[in-house]
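Got a structure here, written out as structure tokens. Questions coming.
Letters A, B, C and D name the chains as they come in the text, with residue numbers starting at 1 for each one.
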Amino acid sequence: MAQFTHSRRVQFCDTDMAGIVHFANFYRYMEEAEHAFFRSFGFKIVQVQPDGTVVGWPRVRASCSFESPAFYDDLLEIELDITRRGVKSLSMSFLFRRGETKIATGELKTVCCRHEPDGKFHSIEIPAHYREKLCESTG
Amino acid sequence: MAQFTHSRRVQFCDTDMAGIVHFANFYRYMEEAEHAFFRSFGFKIVQVQPDGTVVGWPRVRASCSFESPAFYDDLLEIELDITRRGVKSLSMSFLFRRGETKIATGELKTVCCRHEPDGKFHSIEIPAHYREKLCESTG
Amino acid sequence: MAQFTHSRRVQFCDTDMAGIVHFANFYRYMEEAEHAFFRSFGFKIVQVQPDGTVVGWPRVRASCSFESPAFYDDLLEIELDITRRGVKSLSMSFLFRRGETKIATGELKTVCCRHEPDGKFHSIEIPAHYREKLCESTG
Amino acid sequence: MAQFTHSRRVQFCDTDMAGIVHFANFYRYMEEAEHAFFRSFGFKIVQVQPDGTVVGWPRVRASCSFESPAFYDDLLEIELDITRRGVKSLSMSFLFRRGETKIATGELKTVCCRHEPDGKFHSIEIPAHYREKLCESTG
């Protein structure tokens, strides 16, 4: 059983002239599922911490394999699983389905970072309050 | 004669399942033309000023009338004219053409703002160095 | 009372470096509300008709006035009203709110079209089964 | 030396509230480079063939690794190389640079397909006139 499932209606503007969801939008869908997962714990993906620092989760790597096209108005189910909890990073897998039809599978590796005032990002250990929630969600 | 002309190749991901450029992308194209116009003077649309403040140009209003569809791979010409220079705001018109075919016309009203550290925007008089350049561009 | 209200969570990828929803996305939000309105009657925005023709609703004109910025994770309420039912066209207004805060207002004029096999669009009278539903929704 | 290099200006609407290019846009940039590569041979990515069939290139898999953020107004150089020519598929690699700074690397696997009138895609052998051009481009 997936740790988290997110439903996403395919919007008209997600399609392209081939009549299907443009492949780049699957990465947006993954992110939306990830953020809904964070939201389920009361977290935002970019969040001011109690000490005033800003913590975000930039991507290290993302991939997606496309098995069957998705169409306008489809209601996609996106199953999210955390596949690896590193000290500073999280890896997640995503399975996209429309009913019984497998649409795509994706992976996202993201690293916990402090946003510096100069616009730079520095990787940090995942703060305890994130870690607790993300671990308690394990089956 | 337009004050500034910007060429924009229609990308595949700009189209939708109706086989034409999705209407929301015309607003992005207007913005790209506006930013190319600013860039022609050495300005960025969000720019740290000599005194350390950040100046940007949020939108007050935008509209577009669509006359003929645009297609993948079209090379659009976008003609920009400043239609009104206010103390704090700029209004611009845009004409989209593909060769002799008129595709669309748009308008954009934008206001000069200081970005406050709290994330708010406060409208300001258009700084002199912007005003000079934007005025010298008049025919 | 609005004829139809649609809720839309602001996604991270809807924001820009100014920290707010990019203005072009408001046009996508309007369209999503319009399509949810159509969906509430069992209609798709591009739909094969019983006689095999394809009917769509390309845009004639769209405008939006921006009053207050919208931010990541905001839950926007979008109120849709039909402001004019023409023989071949529909005009709609949109009010964007976050709680009591008015964010933006927009208008969309769309025309009922048959998609021809050559990729062209020809405006047609709004078919009766659309008209009935869209009229019965009036207060 | 790369087989093909494409320059892409980062647009304002490509950024997100973290102040950097949103990761999903790198997949659009890859596609734009790919299409510019096709265009350099006179090909469109969706093209009616002499026999009336429509040939397109849907994606099988795409991945991207992000090394350094890209910012508004950056002029990115995107180097494209064909890494594998299959009978029915093409695999390409992409290197994103801003001057000497390596921004990201990506891969795209795409399969040559005939678009059927029912909206389905069937994989086909890459037609000879594509193959000739794509092969003559090898160093």
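Here is the rule we use: contacts are C-beta pairs under 8 Å (C-beta built on N, C-alpha and C of every residue); 3 or more make two chains touch, one makes a residue touch a chain.
Remember, predicted model here, so these are calculated numbers, not experimental data.
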In how few steps can one go from chain B to chain D if every step must land on a touching chain? 1
Based on CA centres, what chain would you say lies at the far end from chain A? B
Quick one: report the Å distance separating chain A from chain B, using the average Cα coordinate of each chain. 32
Using the average of all C-alpha atoms in each chain as its centre, how far is it in Å between chain B and chain C? 24
Taking the mean of the C-alpha atoms as each chain's centre, how many Å separate chain A from chain C? 28
Residue ranges of chain A touching at least 2 other chains are 12-13, 17-20, 24, 28, 31, 46, 72
Using the touch definition up top, name the residues of chain C that touch chain D in the complex. 12-13, 15-17, 19-20, 22, 24, 72
What residues of chain B sit close enough to touch chain D in their complex? 11-13, 28, 31-32, 35, 39, 44-46, 72-73
Contact footprint of chain C on chain B as seen in their complex: 17-20, 23-25, 27-28, 31, 46, 56, 58-66, 69, 115, 119, 121
